[in-house]
Amino acid sequence: MLMAALYVAVCRDVARAIFCFFGVLFALAGLYIFALADFIAVTQILVYAGGVIVLMVFALMLTDKQLLEIIRMEGNTGPRLFRARALPSVMLCLGVLAVLLQVVISIDWTSLSWMQQAIPSGDQISGKENMVENIGINLMTRYLLPFEVISVFLLAALIGAAYLARGRKTASQNQHPETRN
Amino acid sequence: MNWLSIIIFLPVAFLVLILLLPERFREWYRYITLGTALLQTGIAFVIYAGFNRSQSGMGIDGYQLVEKLPWIHLELGSLGRLEIDYFLGVDGLSVPLLILSALVMTAAAISSWEIKKNLKGYFALFLLMDAAIMGVFCALDFFLFYVFYELMLLPLYFLIGMWGGPRREYAALKFFLYTLFGSVFMLLVIVGLYFSVKDPVTGAYTFNMLHMMNPANFVDGAVFSPAVVETIFGVPARLLGFAVIFVAFAIKVPVVPLHTWLPDAHVEAPTPISIILAGLLLKIGGYGILRICFGIFPDAAVHFSWFIGMLGVISILYGALNALAMKDLKKMIAYSSVSHMGFVLLGFASFTVEGTSGAVMQMVSHGILSTMLFFLVGVIYNRVHDRFIPNFRGLAGHMPHYAAFVMVAFFASLGLPGFSAFIAEAFTLIGTFNSASVNALLPRWMAIAGSLGILMSAAYFLWTLQRMFFGTTRFKGGESWSKQLSDLRPIEWALLLPMALLSLVLGVFPSLFFNFSNATIATLVQELYKTGMQQLNILQY
Amino acid sequence: MLPHISKNVEEVLGSLGFFLPELLLGALFLLLILADLLLGRRYKNGSPIIAFAGVLIITLITCFQFEDAGKVFFGGMLHLSVFALLLKILFGVGMLLVITFAVRDFRIRHNEKGWGDFFSLLVAVLLGLNLMAMSSNLLMVFLSIEMVSICSYILVGYTTRERLAAESSMKYVLFGAVCSAVMLYGISLLYGLTGTLQLNSEFTTRLAATDALAAGLALFTTLAGFGFKLSMFPFHFWVADVYEGSTNSVLAFLSTLPKAAGVGVLVQFMHATYGFDWATWLAVFSIITMTIGNFQALWQDNLKRMLAYSSIGHSGFLLMGLAAFSQTGEMAVYYYLVIYTLTNIGAFVIIGMLANILHSENVNSYKGLGFKMPVVSVCFVILLMSLIGIPPAGGFVAKLLLFSAALEGYGSDGNILFLLMMIAGAINTVVALFYYLKIPLNLFLRKNEGMVIVARGHLLLKAVIVTLTALTVLLGIFPELVMRYFEG
Amino acid sequence: MLLALAAWLLPFLSFVLLLFFGKKLPGTGDWLSAIFTGLAFVASIPVVLAVFGTAGAGDGALLRFEFEWFRIGETIINGSLVLDDLSVLMLVLVTFISLLVHVYSMAYMKDDPRYHRYWPYLSLFVFAMLGLVLSGNLLITYMCWELVGVASYLMIGFWFERPRAALASMKSFIVNRIGDIGFLVALMSLFSLAGTFDIVELNRQVGAALPANDIRIYLAAVGLALAAFAKSAQFPLHTWLPDAMEGPTSVSSLIHAATMVAAGVFLLARLFPLFPGVILDVIAITGIFTAFLAATVAIVQYDIKKVLAYSTISQLGFMMLGIGTGYYEGALFHLVTHAFFKCLLFLGAGAVIHHIHEVKHHHKLEIGEQDMRIMGGLRKEMPVTFWVYTFAAAALAGLPFFSGFLSKEMILLGAFGWAGDKGGLWILVPFAAVLTSLLTAWYIGRQWTLVFMGQFRTPAFEHIREASLMMKVPMIILGALTVFIWFSLNPFSTSNIPLVSALSGGAEGVHYTTSVGAPALVSWGLLLLAVAGLPAVLYAAYRKFSVGPETVSSGGTGFTRFLANGWYLDTIYNTIFVRPVLLLGNIAQMLDEKLVDGFLHLLERLTRGLSKFVAWFDKYIVDGLVNALGTRVRSAGDFFRGFQTGRVQQYMALSVFGLIILYLIKILLEK
Amino acid sequence: MVPLSHFLIVSAILFCIGLYTVFSRKNAVLVLIGIEFMLNAAILNLVAFGMYDRIDNEGQVFAIFAIVLAAATVAVALAIIINVYSQYKTIDPDKVKDMKY
């Protein structure tokens, strides 16, 4: 999975990269299942593997094939893994990685107080029962507010996205000539 | 709403009037402004007449015409209440300066006749600044004081920048930056003070200057508390606070080496503004040093008195030497005011009644004389748009009355007995000399060095006289100049004669000033010295 | 589990009352969309009027929420503190101004795709802002921040036909997305460390219990999101470019309200993470931020960029108030925000108006304008004085209060950084003078005889400008008008 | 009492009137100021009669008149008039002489374009001088002191179109200013000593218990001495007086001969008790040195006024000697007599110059109107002038039967007595004084001869006319006053002179050395000198110069003339006296001009240069720093600006980088 | 079952890869994908921690919301990118810089 991700980071062809991206997403879904969060995994697949593709296609349709050109269009010098140009960012990322790992490893998570309470009090997902019901109830009660908010939010985002994309029609007409040649 | 509020807000009222008057009444603006200034003068003299001369004291009892309205009262949670009052009052120190301001404003209004373009803006700003200056001299609440103090900046910036000479942008910006630099840091100290002082009655933090002057009101352990030594960066906080405020005002005075804004500002500013700059702004610096720096940090004042005196001496001599070298008449006078204001500093530093009274009187007299001087420069500058000393010779033959007034002004400001400057400078020096035997703060040679300054002032003034006014008449501009250089006009007489007489009267009857401010200054000096020494012991311990 | 449910449900229902303004906002949002769809074609001014009226009403309603102040509802999702409430009112007022401005903003008004969505988005943003101010749950925090961000992206890119707008929006969205991603990571760590998303005492204690390094990392990464909104170092890089590209009305909004919201949410967050040594770090951030902002502004001749950098400097000042983590600090910050919002919106309104007239946003194009348009120019100068912090304009009192807060902080724990912060603030004030004075310099001191003004400024905008200026001065002289609400 | 006040204020009144209405008044108000001065004189007479008797009794009782001027702190500053012998003497002297000069000027200045300006100045001077004399408050004394200076400034620069006049006026004022600074320092120290400015008070307090170890006493004494030196033209501050001759001659006679220059002496006498012995000795030495130097210089001058100027300096030196030797009544007595005859000399010279001027204009001659070498033989045409001049010259020379003899003898006696008390090398001082008086005789004889004796050296002078009445009368009056009889019945003894005794009585108890110390021998010797020596010198001078100018220029071809008239005396005088003295004179003059003046100029140049440097410093360093600061700020802005490349990814990287760095710092700090 | 720290390590690495992608790729879409990686890393954390939160499922719920938000962000971002493309004919963030300073 990680290799795929890394490949995305460095591969030349954008289309392939996107493909691998999906791969990564699926792999993540698998991980979620390992993490005993099947519902999340489903959502992941639906929203990402579904939603993002849908978005892409949606955009594609709006932009009558231009997105394909966009996607095909290559960062003129395709990124290799260790390029001098990328060296600073590599260093930076490795630094960040070091920091993160150092923290993640240095802490003994299970000894955290809340986990200490959680494990004995059975507040730990065993993987036996399905969480969907519970989550649903929570969503409808405790998380009702975020749920509603996010609906408004999505609406706003969609409106906005639609608005931005919509205008392009007029724009594209006078830009066809250039794109051709 | 007593006289003080009236004298402060009168200009604002007329300012509104001017703003409302349409452009076709543009000529009226001059008269409105002049009328305002005259009214203020009248009020100032009413105040002078009604003033109780024996009343004195460090607390509220020392002030008269006190007016105190609650202004900003905030609950600052953990800090308790913040109290800012609209708090006015005058004592023997501020009334003379108030009168001076009114007079100088009148003079400036008269000399504003030379302003030709964009009258509305000019007079609006002029009146705004007028109000601010009056307010500075009356305010007893530090916040209020600061507001007025800053309020002067912007009008001055525009007055110099819009109606000034060729390098006006530079001068205006320089002036603004200098002053703001000082005052912003002063703001920090103000905040610090406000955290250190509580109103004994209400127990709230307060900006009331009088409370700040009373060491009993300081909260224990506060930053500027005199009871215990707080240090900031290893320096005792009180000394630091004093230094900061002192620098802020020293820029205004101006004290060498913080004076370089002055020549530029003076040279670029139009005549009335130079008059106000020299006549009032500098005085505000001196007033601030005495009333605020010394009043609130007497210990630091005593502690630094030697340096302050030294600065004074340096300013005196340095300014005089510069004036000697100047080719531009206006610059020469500008530097001469640096030199003269040095006496003020010296007198304050001496912590003697003679020195301080002398210094305050020096402020008044310099206010009058610099008004005359700059106006006189303006006279020839408006005639031929040139004021370079080498370009004129033998003016005395050509414009006798003008020359006569110039001589009066010059002699008066070189400390000729019979004019106000003499008494002022003499007593400043006497006080300085005395302090060696009274309180051992200043060495005697400072007084003697100061008197050298008087000698030099004679040198540069007389040399200028000899170069510009004596000898056979000859101008750079030739015939055209000698036609333009007409002698004084009535309005110029109307300004110059009273000023000269005023200076003369003050010089012959100093009691008009001294007996007036005596009680206040005497109490002030003694109190400051006493408390200063007491707190200084704590500080050094 | 069922009692559980019922409890939650009735709590939700109970909360709805307090939530009324936000609900109405949601409704207004939908209403606007419909309105735009149905009668957007015929009545061009329909949606702005509706939006204005709606926001006005809602703001008024909000003003009557004071007795609800301090309540926590939706199971701790939201916490309506006094501060939040005041912020909400500020948002309302600011939004009203923005809408009024937008109506007369050339680029918005003559946008090829109409402007219906613009106002609906503004309303949506307002909703997000309110939530930001109130949210006391990491989920809500994230949600509301994202809401504001995404709407802002769209608003910045709203004028789709302009290169700069597009570029700005792209930079904005990429930068913002990264920041939110980092923030999300931080939140996840926080969740991991404390096991709860509620910003409550439990959270505080648990966080305090954990390892300082991990907590620090989590907090820093979370800070990315707030910092992005506050345009605080090191998340300030986007500011200049985004400001330059976006239209003035958007800018008037962008430079003020999200900042305020960021402050609000940061305050909530700080309350929750009390154990962490915010003072030191915010002081450091504040010093760096204000210094960078002001020094970068020095060379700018493009007014938008100048104000962009100066707004960074102002966030530095805001951080000063936050660093002194006290009620005084909150009051100071709030007052500063009010003044800053009014002043900045006013400044951008003026810039926009002049841009409509001069078709330039460069200082040098203002030569001698002061004599052509005296009223506006004078107002501009007063606003600038407020930004510098010269009495009697409000900015002065604001700075004074901030300094007091900082000094109080110094008094409480002798942290020398507070003093440094104050000194930095003082120096920056002087530095700010350098570039702010460019404007009056060009307006009044420089002459430009050849200038001909074809168009006059629109009366509506002039009215707005004068009102704002008057307000600035008024609040400067009588700060209680605002501060009163903190008492008790 | 009120009369004294009136006498003081009348001239002021006339000053004010003339200043504003001078032009409009008929005759431009000359009569006004003259009359007012006359009234002042009249008013002063009863005052003198009143005071001179009473205070003379020696009980130190003074008529005084006080009013509170102002108060500063606790100390009250009183304005007061003090009327004791000293002040009233000066009062009457000043009013009298200025009255005469007024009258004289009305003729002398008649045809001057700025006639109307002349009178207010004159009145101002009289007012200031009287104030200086009468005031009982040292502060007021100082004020008048400076006012006098201003009056003299105005007068010297009266013809300000002449660059030399303008320069001279400036020089005089500035040199005087140096003295004023001394005075100011003295004021400070006295005030801080006694806390008062009242002269009597000061004399009593300080004089009574002289805290000898206190530096302030010395400061005060030195300051006062400096002031006196400047005002009454003592070495090294005397160089302004010769230049001051640029002013009108009438003015020179009043201000720069009779009254103002005497103010220094007066001041020292007034505050005599304040002076420690050392300072007095210094004063004495300076005095005698100046006297000698000036005399030697006077010998070689050709400008008629310059000679008189130098002689004034020299005589003032005598007075200083008198003060310094503590025998100050003598000094004052000499002051009085000198006032009369020197004033007269100037008036006479003025008359001469006046008429030569007329002639010059009449005949369009290219001659310096003050050059003695063109004169000669004027006695024929101007007999009155000649005779009064002769009287005055005799008095100056100190011939018996003339006032000058008495006063000079008194000073010399005092000097001898003083030297006798001190012993040692001090004895040189009186002998130097004697020598000086001989030289005095010599140069005045020379001048008298060159001007009036011999033949006309300029033919045009045949038809020169005698002075007008207005000029004659004052001269005659003064001439009369140069005779001994007004002062002492006995022309040869200084023992009982009412004036002197009154003076000494007036200031009894402060008088610490007496002439009693002088042995009778000395007095006889001096008398002999006066009777024999001085005439001899005069005669020699006459013989030397009556011949004519050509011999003047070539000093010593004595051998031929030795053959001509067989008397060896001339040659002996030549070889023994003239040559060395001429040489000495030249050297002295050179020293005077080059050294002292040169020093002043050097000082001036140094100051000028310093100020130039300071100005430069101010412009480039101090100001430069400020501007540099500005640029620094901008470049800093530049630095920060460098981060804004416009690349969003770089921005992101920077952000994360900054975040990480800060985090690492945090870690390090907490470790 | 899989120990918690493994998840965390994976997510950390993923996060950094995303970061690297964001910094280094010359294509806005890929930058977007990098951001998605980072988001997913965070989500993975949340989910992993959510294992210990059965009653409230805070972690998991948050994860859901995060996913949705991410999707929305992508939508908007894509729209904007397309818009940029229509103006600049490129979506290389480095080439899109008319403004600096």
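Letters A, B, C, D and E mark the chains as written, and numbering starts fresh at 1 in each.
One rule holds in what follows: a residue touches a chain if its C-beta (ideal position, glycine included) is under 8 Å from a C-beta of that chain, and two chains touch if they have at least 3 such contacts.
Model, not experiment: these values are computed from the prediction.
**Q** Going by the contact rule set out at the top, which chains touch both chain A and chain C?
**A** A chain counts here if it touches both chain A and chain C, which gives D, E.
**Q** Minimal path length between chain B and chain C through chains that touch?
**A** So the least number of steps between the two chains is 1.
**Q** Let me check something: if the centre of a chain is the mean of its CA atoms, which chain is farthest from chain D?
**A** Relative to chain D, the chain whose C-alpha centre sits farthest away is A.
**Q** Is the C-beta contact count larger for B-D or for C-D?
**A** Higher contact count goes to B-D.
**Q** Which chain is the middle one, judged by CA centres?
**A** B
**Q** Using CA atom averages as chain centres, what separation in Å is found between chain D and chain E?
**A** 100
**Q** Using mean CA coordinates as chain centres, what's the gap between chain C and chain E in Å?
**A** Centres of chain C and chain E (C-alpha means) sit 26 Å apart.
**Q** Using Cα averages as centroids, what's the distance between chain A and chain E in whole Å?
**A** 5
**Q** With chain centres defined as C-alpha means, what is the inter-centre distance between chain A and chain D in Å?
**A** 105
**Q** Which positions in chain A are in touch with at least two other chains?
**A** Where chain A meets two or more other chains at a single residue, that happens at 89, 92, 96, 99-100, 109, 114-115, 118, 134, 142-143, 146, 150, 153, 157, 160-161, 164, 167-168, 171.
**Q** Spell out, as numbers or ranges, the residues of chain C touching 2 or more other chains.
**A** As it turns out, chain C has residues touching two or more other chains at 139, 143, 146, 150, 153-154, 157, 160, 170-171, 174, 178, 182, 189, 192, 195-196, 213, 217, 240-241, 299, 434.
**Q** Could you list which residues of chain E touch at least two other chains?
**A** In chain E, the residues touching two or more other chains are 8, 15, 18-19, 22-24, 31, 43, 48, 52-53, 59, 61, 65, 69, 72-73, 76, 80-81, 83, 86-87, 93, 96-101.
**Q** Please list each pair of chains that are touching.
**A** A-C, A-D, A-E, B-C, B-D, C-D, C-E, D-E
**Q** Looking at the complex, which residues from chain C come into contact with chain E?
**A** Listed in rising order, the residues are 138-139, 142-143, 146, 150, 153-154, 157, 160, 162-164, 166-167, 169-171, 173-174, 177-178, 180-182, 184-185, 187-189, 191-192, 195-197, 240-241, 244-245, 299-300, 305.
**Q** Where on chain C is chain A touching in the complex?
**A** Against chain A, the touching part of chain C is residues 1, 5, 8-9, 12, 15, 19, 26, 29-30, 33, 74-75, 77-78, 112-113, 117, 120-121, 124, 127-128, 131, 139-140, 143-144, 146-147, 150-151, 153-154, 157-158, 160-161, 189, 192-196, 206, 209-211, 213-214, 217.
**Q** In their shared complex, at which residues does chain E touch chain C?
**A** Touching chain C: residues 8, 11, 15, 18, 22, 28, 31-32, 35, 38-39, 41-43, 45-46, 48-49, 52-53, 58-59, 61-62, 65-66, 69, 72-73, 76-77, 80-81, 83-84, 86-88, 93, 96-101 of chain E.
**Q** Could you list, by residue number, the parts of chain C that touch chain D in their complex?
**A** 170-171, 174-175, 178-179, 182, 212-213, 216-217, 220-221, 223-224, 233-235, 237-238, 240-241, 281, 284, 292, 295-299, 431, 434
**Q** Any idea which chain E residues touch chain D in the complex?
**A** 19, 22-24, 31, 93-94, 96-101
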